[in-house]
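Same chain, two partners: subunit A is paired with subunit B first, then with subunit C.
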Partner chain A sequence: MINMLVKKELALYFRNLNNIFLPLVFFFLIISIFPLVLGPEKNLFDKIIPGIIWITAILTTILTSNNFFKDDFNNGIIEIYLTSDMSVELVLFLKIISCWFFTCFPILIFIPLVSLLFSIPFQNSMVILLTLFIGTPVLISIGIFGSALTLGLAKNNILTPVIIIPFYIPVLIFSASAIEAVSTGLPFEMQIYILAALLILVLPIMPYLLKYTLGLSINN
Partner chain B sequence: MKSTEISVNSATCYKNNNLIFSDVSISYNDGDIGIIMGPNGCGKTTLIRSICGIQALDEGQILLDKIDIKNHNNNYMDKIIYIGHKNSLNNDFSVYENLEYLSAFDSSSKINKINEAMKYFDIYKYRNYMVSEISEGNKKKVSLARLLISQKKVWILDEPLSYLDDTAVNIFTNLVLNHQKKGGITIASTHYDFSKNINNVKYLNMDPGR
Partner chain C sequence: MNISKIANLKFFYTNTRKISYYMSFFVMILFIIGIYWGLFIAPEDYLQGDSYRIMYMHVPAAWLSLQTYMVMAITGFIALVWKIKIMEIISIQCAPIGALFTIIALVTGMVWGKPTWGTYWVWDARLTSELILLFLYIGVMVLYASINDKRQAVKITSLLAIIGLINIPIIHYSVEWWNTLHQGPTVTKFDKPSAHTTMLYPLLYMFIVFNIYFITVIIKRVRLGIYAREKNSKWMEEYTDD
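Let's look at the complex of A and B:
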């Protein structure tokens, strides 16, 4: 069963390659807007580029997870999830993982290129990559949770980000703190461990939370 | 096979403080065909969804084998297959892939019956078509084909006849009759009474002015 579900999930993304490429293009567009607006001042960018990368990553996760369940809701597949006698949590877990893998992982691959563009030192860029690698699955999970929460409501395009962004703050604080630490030469392991703890906390409970939330919002 | 009983016990439901239906009681046993009729907006879908446990009733209970479904453990849907009025089909999958995907959500389903089910509903020729390419009636047939793949005893169907032509309605009626002979229970909401010459039909008229 798991094989089949994974195969179907892969098929969904590969048949709509837009879902993979557009977040990546969006990421690069937003990143490249900052030098245009702020001017190509090297000292300034050395200071703010980690923050820019993180904000852009957040915007990308918000956009990709915003209408995550909309098609399933309109097609009535949410009802299949809720009336199934199988482990739907497994399906929801697979959906979270595949959403992360196909929308965030491509961005992670291009982080070294971005680092090169903005001449970020190698060690700093590795820490940015590491915080994104651990942080984005949490962001995606929370984003998907938000989209499940506002599912039945009309015109929820802005509502969902407004609900979920406050929940992004812990991830942001520790990521920023890790990047700050490495650029001033301080140890950064503690922040990474806390990020990993957040990931381990959020990922396993999210499928159960999602199933419960979908049950509530399908009746809106 | 152990006998099954589903009963609705003085069900009442409100939506935005408006009464949808009140004090609906009916019970279904092995071999019953339950037909829920009534005008638009009388709460047929709401009742069907509360029998499946998707929606909560404001008053009353749904009992499966004399136990309130709220007190059943997670195995409540073991015996029940629900087909809603939305077809639950993914437009990015072909007909065959959709049936394969949907059967993953049903522990009783037999994947090797998918071809047989498609032939029964005369949609085998569309097996490799994307769902977005076939007509609404054929989409409905695809979603009804799940009944043949699943081996469950209780069928709960919301508007199974919409978009179907006369031939398809006959095919569907025969399917329900076969299910009845095997002792299965069918509960369907419909506007068109497909069961004029069938025994053991339990009508539930939800007309608010009854």
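Let's look at the complex of A and C:
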């Protein structure tokens, strides 16, 4: 049963390759708008590029997780999940992981290219990659939670981000400070550990929380 | 008295009309006393002069802004678990009051910051986490407003408030860790108080007055919430006809 669900998820992503490419293109589009607005001075970008990358990652995760349950809700699949005797938590966990894998992982692969464009030193770009690798699953999980909260609403395009962006702040702070620490030559391990702790806190709880939230949202 | 009787919407609505009416006058008098005490009787600060006196509004408002969020989340939890109707109404009615306290704390903090720091706004830890608290309140309010079925809406906002309550310490400490410019807490250090008792007593008095104000306003707002929910029921029509 779980095998079939995984296959279904994979098929859904691969059948419409836009799902994978569009977040990536969006990411590059937003990144390349910043030099146009701020001017191409190198000193400035050395300072602010980690922030730019993280803000762009936030925008991308918001847009990809915004209507996460919409199709399943309209199909009625979520009711079937919730009433069936299989482990809904496992299904939701797999859905989170697959959403992260197909929307954030491509971005991670292209971080070295972004580093080339903005001439970020190798070590710094590795730390940016590490913070994104640990941080984006948290962001995706929180975003999916937001989309579960606003599931029953007809129009929720800007409502979900308004609700969930405050919850993004701890991840942002520690990621940005890890990158800042490495670029000034300070130790950055502590921030990475805290990020990992946030990941370990959020990821196992989220499927249970999502199941409860979906139950509340559907039960109207 | 039986708790379930107080929690009964009809009992609450019909018995709090006079109490809420008199309490609003009572709170107004208490406020006037507290403001007189803080502005005229309390001694001048040797460092900040008279500008510190705004703390008699600022500090209780900041405390209450956090406390209101806790009340909102705890009553929301009770509403979710035990399905007590009045707790649902209390939980959601806390949000606008808490947002008001947050705005008061932010605005008075900015007014105090101009003579003390030389600028209205500094991106320091406490100001920033207070601002984020305002956004959390706004999130609860917009989510409530956008769901048509209000009983359903309260369940979802309660869940959001509970998650927010877990998240507030994480946000607070991460923001604090991010930047600390603010002067250290002066009240909680009871072993060696850095504020003199003649300054401290009006502050504690104002804290109590703010709490009474909170209770008064929450009773009024819960009455409105009960009216909005029960306006078509039979007892409400009978009661309002009288």
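A few points about this structure:
Here is the rule we use: the second predicted complex is superposed on the first by the 219 of 220 C-alpha atoms of A that agree within 3 Å, B and C clash if a C-alpha of one lies under 4 Å from a C-alpha of the other, contacts with A are read in each partner's own complex, and residues count from 1 in each chain.
The working rule: contacts are C-beta pairs under 8 Å (C-beta built on N, C-alpha and C of every residue); 3 or more make two chains touch, one makes a residue touch a chain.
Predicted model only: the values in this text are computed from it and were never measured.
In the superposed pair of complexes, A:1 makes contact with subunit B only, with no contact to subunit C.
Once the two complexes are overlaid on the shared chain, A:149 sits against subunit C while remaining clear of subunit B.
Touch criterion not met for A:36: it reaches neither subunit B nor subunit C. In the superposition on chain A, A:86 makes contact with subunit B only, not with subunit C. Contact with subunit B, but none with subunit C, is seen for A:12 once the two complexes are overlaid on the shared chain. Contacts of A:166 after superposition on the shared chain: subunit C is touched, whereas subunit B is not. Of the two partner chains placed by superposition, only subunit B is touched by A:77; subunit C is not. Judged by the document's definition of touching, subunit A residues 219 lie at the interface with subunit B and also at the interface with subunit C. Looking at the complex, you find that subunit A touches subunit C at residues 145, 149-150, 152-153, 156, 159, 162-167, 169-170, 173-174, 177, 198, 209, 212-213, 216-217, 219-220. Note for the complex: subunit B touches subunit A at residues 52-56, 74-75, 77-78, 80-82, 84-93, 97, 100-102, 104-108. Across the interface of their complex, subunit A is touched by residues 132, 135-136, 138-139, 142-143, 146-147, 149, 152, 155-156, 159-160, 163-164, 167, 170-171, 174-175, 177-178 of subunit C. Every residue of subunit A that touches subunit B in the complex is listed here, in rising order: 1, 4-5, 8, 11-12, 15-16, 71, 74-77, 79-86, 88, 91, 215, 218-219.
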